[in-house]
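Right after this note come the structures.
One chain, chain A, appears in both complexes that follow, with chain B as partner in the first and chain C in the second.
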Partner chain A sequence: MSILVRYALARFASACLTLFCVALLVFAAIHAMPGSFEDVMVPQGTQAMRDVLAERLGLNKPILEQLGRWLSQVIQGNLGDSLVTQESVAAEYLRRLPATAEIAGLATVFALVVGVPFGIFSGLAGSRRLVSQFSRLGGGLAMSVPDFVVGAVLLYLFTRYSLWFTVGNWVPITENLIGNLRSALLPAFTLSLLGIGLIMATARHATIGVLGQDFITAALARGKSPAVIVRHHVLRNAGIPIITILAIYSGYLLGGTIIVENLFSVPGVGRYLITGVLNRDYPVVQAGVLLAAFFFIVLNMLADILYALLDPRIGRRRG
Partner chain B sequence: MAAVAEIDSLVLEFRSRSGRVRALDGAALSVGDGQRVGLVGESGSGKSTLALALGRLLPPNAEHLEGALRVNGKSVFELDHAALRGLRRHELGYVFQDPIGTLDPTMRIGRQIEAVLAGTGKTASIASLLASVGLNDVRRIVRSFPHEMSGGMAQRVSIAIAIAPKPKLLIADEPTASLDASIRSQILDLLVSLCAAHGMALLLLSHDLRAISRYCERVAVMYGGRVIESGLTADVFGRPLHPYTEALLRAAPGQERIGGRIEPIPGLPPVLAGRIEGCSFAPRCTFAVDECRTRRPERTDHGDRSVVCLRATERADAMAGVPPA
Partner chain C sequence: MARARFIRLPFRGDVLSRAAVVAVIALLLAGLLAPVLPIGDPEAIGAGPRLNGPDGAFPLGTDNLGRPVLARIFEGILLTFILSTVAVLIASVVGAIVGMVAAYLHRTADEVISRFADVLFSFPPVLLGLLVTAILDPGIHSTIAAIVLITLPSMIRVVRAATLDVVGRDFVIIAEIAGASFGRRLFLHLLPNVAGVIAVQTAYSISLGMLIESALSFLGLGVQPPSASLGSLLREGAIYLDIAPWLVFGPGAFLAIAILSVNLLGDGLRSVVDPLEARPLH
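== the complex of A and B ==
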């Protein structure tokens, strides 16, 4: 069996185990929350009404039986139906995915487009230059101010003075591109701030680290210009820590979208998930967390593949 | 003989948060066209700083305070950036200590060599270049990454990269220090034969005095940021005029007689904070007199040899009648 196949199988097995553990945890967590679905749905009604509801949805069965039923459903590829709407959870997540993917994707692009050049420039410039001071201060600020604070400030600013952007009127990209951007840029920017800070700091440190390597001195000694050295040597070698931080940032995005979607009323998966939590809509919450974990695992696998592409020493390590 | 590199009274300091360190305190050295010159001295004596200064490759906290440094008649510290890159590209070649570390770990060897050939404007095929440094399995080597090669192969590749533009001066900073003893002489043989074949001068930095005496016609001994003795290798090592040269030779393994002892030099080399009045070697010198601690020795010529020692003439006269050691 080739090394690659064995490696892929091992990764697949560990991904399955992770997903199983996540499934158990989220099931336990949502069922342990005070108040069950029928309490939330029929708060004023009699106990008899609640019992009928629980009976009909199978919520009165022993908890382990419910767990077993859900797990076997999931293994067959069925994420179940929402308790509230009685419609497929998977279909609803799929319908809401584009909005979330768009703001998360835009946030990642902002973070890279701003973070990488500023980080690398400030790494090249040395610590006393203006660009370094700016990126250290700005990066620190971007990382330490919580997204809901930034979001609230933006929300206030742009609901008062529209300034081209719209707040709370989500326009799908299929409907109107300009209208979509007007509603998507603010939430994406809010989400990107932490990423900008993280990537800037990482790119800066990575650049300083690469510049101290012997092969940079050797390239300078061969008369290479700074531009060529950055293009040929710094970008590639500083790429690995940047990809690592990007994978970590994607984990943050999974949670960050929930807050930002609620702030800016974006009809994405995060809002669906939080509504599910408030309603104790068990299948919605369980499926949402499981999907988030699945995405995180896939993104980390992608990062591993990118490492191997960037640094030949990683891909070929044996044993 | 025209000099390819001329260094005179070079003073260079490094600024740091804890103060200044004077790495070169009036160093002087001349490398003639096609000459092979060895540069020896303990760690911290300023050898590497001097070697890097030739290409102005010093870190940004280095400050050039005084003195002239010319390569092919060009004053290196006065060149603008473009001219400096031209000088590094066409007239200087560097070979460093850690061969694998001087190659980019993320690029195949073939691409790294191509990048160098593209910059020189001279046409040499990768294959003939690799063959000239004794690497024949070209197909495999160009596809390799640095970590897939042995240190000796990687050093041959860095030598190939350094000589590709046919520089006037090749500077090798301890090129064999990280290699197996068995291939050290192969690498040095290769360096010397390439220099001879292309008419390049060689500045060889090394701790290995035997290698220096075997490969270099001239030698310069550094201590405390100055070249304290320089001349023909046979003269300098045969009849050292400076007490430090003599101590260095006694401390070197391989020269002692059977049953004899290696004699380490007592004390540590100095770390200078600024210009030093008096001789920097005086505290460790067995020949030192009171004047050595207060009067700065200047360079004196004794035949073909230069010495920085107040008592050099005295010692030269005393040695005149004695056969070489």
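== the complex of A and C ==
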């Protein structure tokens, strides 16, 4: 068995273990909470009503049995029913996924297209004072200005002066592509700002790090042109940290969509989750947190495996 | 001509970090001195006309109850700073001790602690905050709990990694042979060597904490009225975005400046602790 496959399998096993611990923690957290499901569903209910409900939801069973039942349901893709609408939580999340995936995907593309070239450029300029201070300020701004502040300013500008984009009127991509872009670009841009900052800082840092290496001095001594050095050495070596930061950024996206969807009225996953929290609709919260952690863990695992592919030293060192 | 220097700022030669130090001090002073500044009473309902735009009497306008926005912002800055700092200090103390213990003891303790940090780390930040708020009732205590849980895993990881670089050094081994107690080795020998790293991570965590606090408050899950943080001011302001945009722009600008300054302060600390050599490509 190749070293790489062994590394990937080990990484997969570790991801499964982490996911299991996350599931335990989420289950424990929901059960540790004051007040019970019955209080939420039938706040004015009699004891008899509560008993019926507890029987139906299995709340009167021993805690370990409840845990086992819940875990086996989750593995089968059954995330329970909403306490408010009585509908399947999994189906509702799935129905809302495309809108969220679209704005998150667009945001990632923006972040890469803007962040990588600017980051490398500012890294190449190195310690030139003005450039480095400017890129620090720009990167710092992109990372510090909260998405809901940027979003609110954009929302104000574009509702006031309605330039091409539409605000608060989501058009699904299956309905009308142009209309969809008009409603999706602003939320996506808002989400991408942090990504631009993160990727720029990472690309800049990586570029400066690579330029300090001996093989760059050697390449310069061999008379290679800067363009060749950037293509062959800088881009290749900056790739790994950029993948790492993308995996971290994906975690931010999972939270950021909640805020942006709320602000721009995008009917996505995040809006469903926040409604769930406000209604104390625990199955929705439980499922949302679990799904987000699942995505985050899987993406981080893929990133790790991807480095091993890009940089053979990693698989070998650990394998 | 020699210029008298009354105050010496840190971060020599680093303009941005120096500006950040000044900004943080100014914001804190504004928050602390707000009650005696001539900007009005943040709780005085009907102090001015309702939803009045910025003018001479109220530099940043008034809100829907006629309260002066600037006074509310200064009050909010202080709460935002305090909440985040208190939470991050808790996370720093716990994270530093746990991280050092993990790196120093190896084996089982390290395995358990690292796995715990991994599990916490695998929750996307805002979602961990949502989970905490869903369990505890939304308010100041749940916000602090959320910030602690979100900033703790990275503190543990960073301190553990920095300690691993030190534990094998001769002076630690000699202290062990000389019979220094565990606490003495931890706090006298290891801590001073990782203190810089802890300081940098604390600064970054405070700016992250401010971001989390304001995001949760903006969603209505953090600070609850009548308390006001910058995030909850933004939430209230967003309702009147069309007719009174200053309710969002004012707190938004202050929040951005506050977070940016703390972040740049972290950068300045980092370049002191761990200088990165920059070399231009000629």
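Everything below uses one rule, namely that the second predicted complex is superposed on the first by the 241 of 319 C-alpha atoms of A that agree within 3 Å, B and C clash if a C-alpha of one lies under 4 Å from a C-alpha of the other, contacts with A are read in each partner's own complex, and residues count from 1 in each chain.
Criterion: contacts are C-beta pairs under 8 Å (C-beta built on N, C-alpha and C of every residue); 3 or more make two chains touch, one makes a residue touch a chain.
Values in this document were obtained by computation on a predicted structure and should not be read as measured data.
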Report task. Determine, for the superposed arrangement built on chain A, whether chain B and chain C clash or fit. Result -> fit
Report task. In the overlay, answer first, second, both or neither for which of chain B and chain C A:Ala292 touches. Result -> second
Query raised in the report: For A:Thr159, is the partner it touches chain B (first), chain C (second), both, or none of the two (neither)?
Result: second
Report task. Specify the partner with more touching residues on chain A, choosing between chain B and chain C. Result -> C
Query - Touching partner for A:Asn237 - first (chain B), second (chain C), both, neither - result: first
Query raised in the report: Who does A:Arg280 touch here: chain B (first), chain C (second), both, or neither?
Result: second
Query raised in the report: First (chain B), second (chain C), both or neither: which does A:Leu310 touch?
Result: first
Query raised in the report: When the two structures are overlaid on chain A, which partner does A:Gly80 contact: first (chain B), second (chain C), both, or neither?
Result: neither
Report task. Just the number, please: smallest Cα separation between chain B and chain C in the overlaid arrangement, in Å. Result -> 6
Query raised in the report: Taking the two structures together, which residues of chain A meet both chain B and chain C?
Result: 126
Requested in this report: Within their complex, state which residues of chain C touch chain A.
Outcome: 15-16, 115, 118-119, 122-131, 133-136, 207, 211, 214-215, 218-221, 234, 237-238, 241-242, 245, 248-249, 252, 255-256, 259-260, 263-264, 267, 276-281
**Report entry** In the complex with chain C, residue positions of chain A that touch it
**Finding:** 17-19, 21-22, 25-26, 29-30, 32-33, 124-128, 132-133, 136-137, 140-141, 143-149, 152-153, 155-156, 159-160, 205, 208-209, 211-212, 216, 226, 229, 251-256, 258-259, 262-263, 273-274, 277-278, 280, 282, 285, 288-289, 292-293, 296-297, 300
Query - Partner chain B, residues of chain A touching it in the complex - result: 126, 213-215, 217-225, 232-233, 236-237, 310-313, 316
Query - List of chain B residues in touch with chain A within their complex - result: 55, 57, 60, 85-90, 92, 94, 96, 98, 101-107, 115-116, 119, 145, 147-148, 158, 161-162
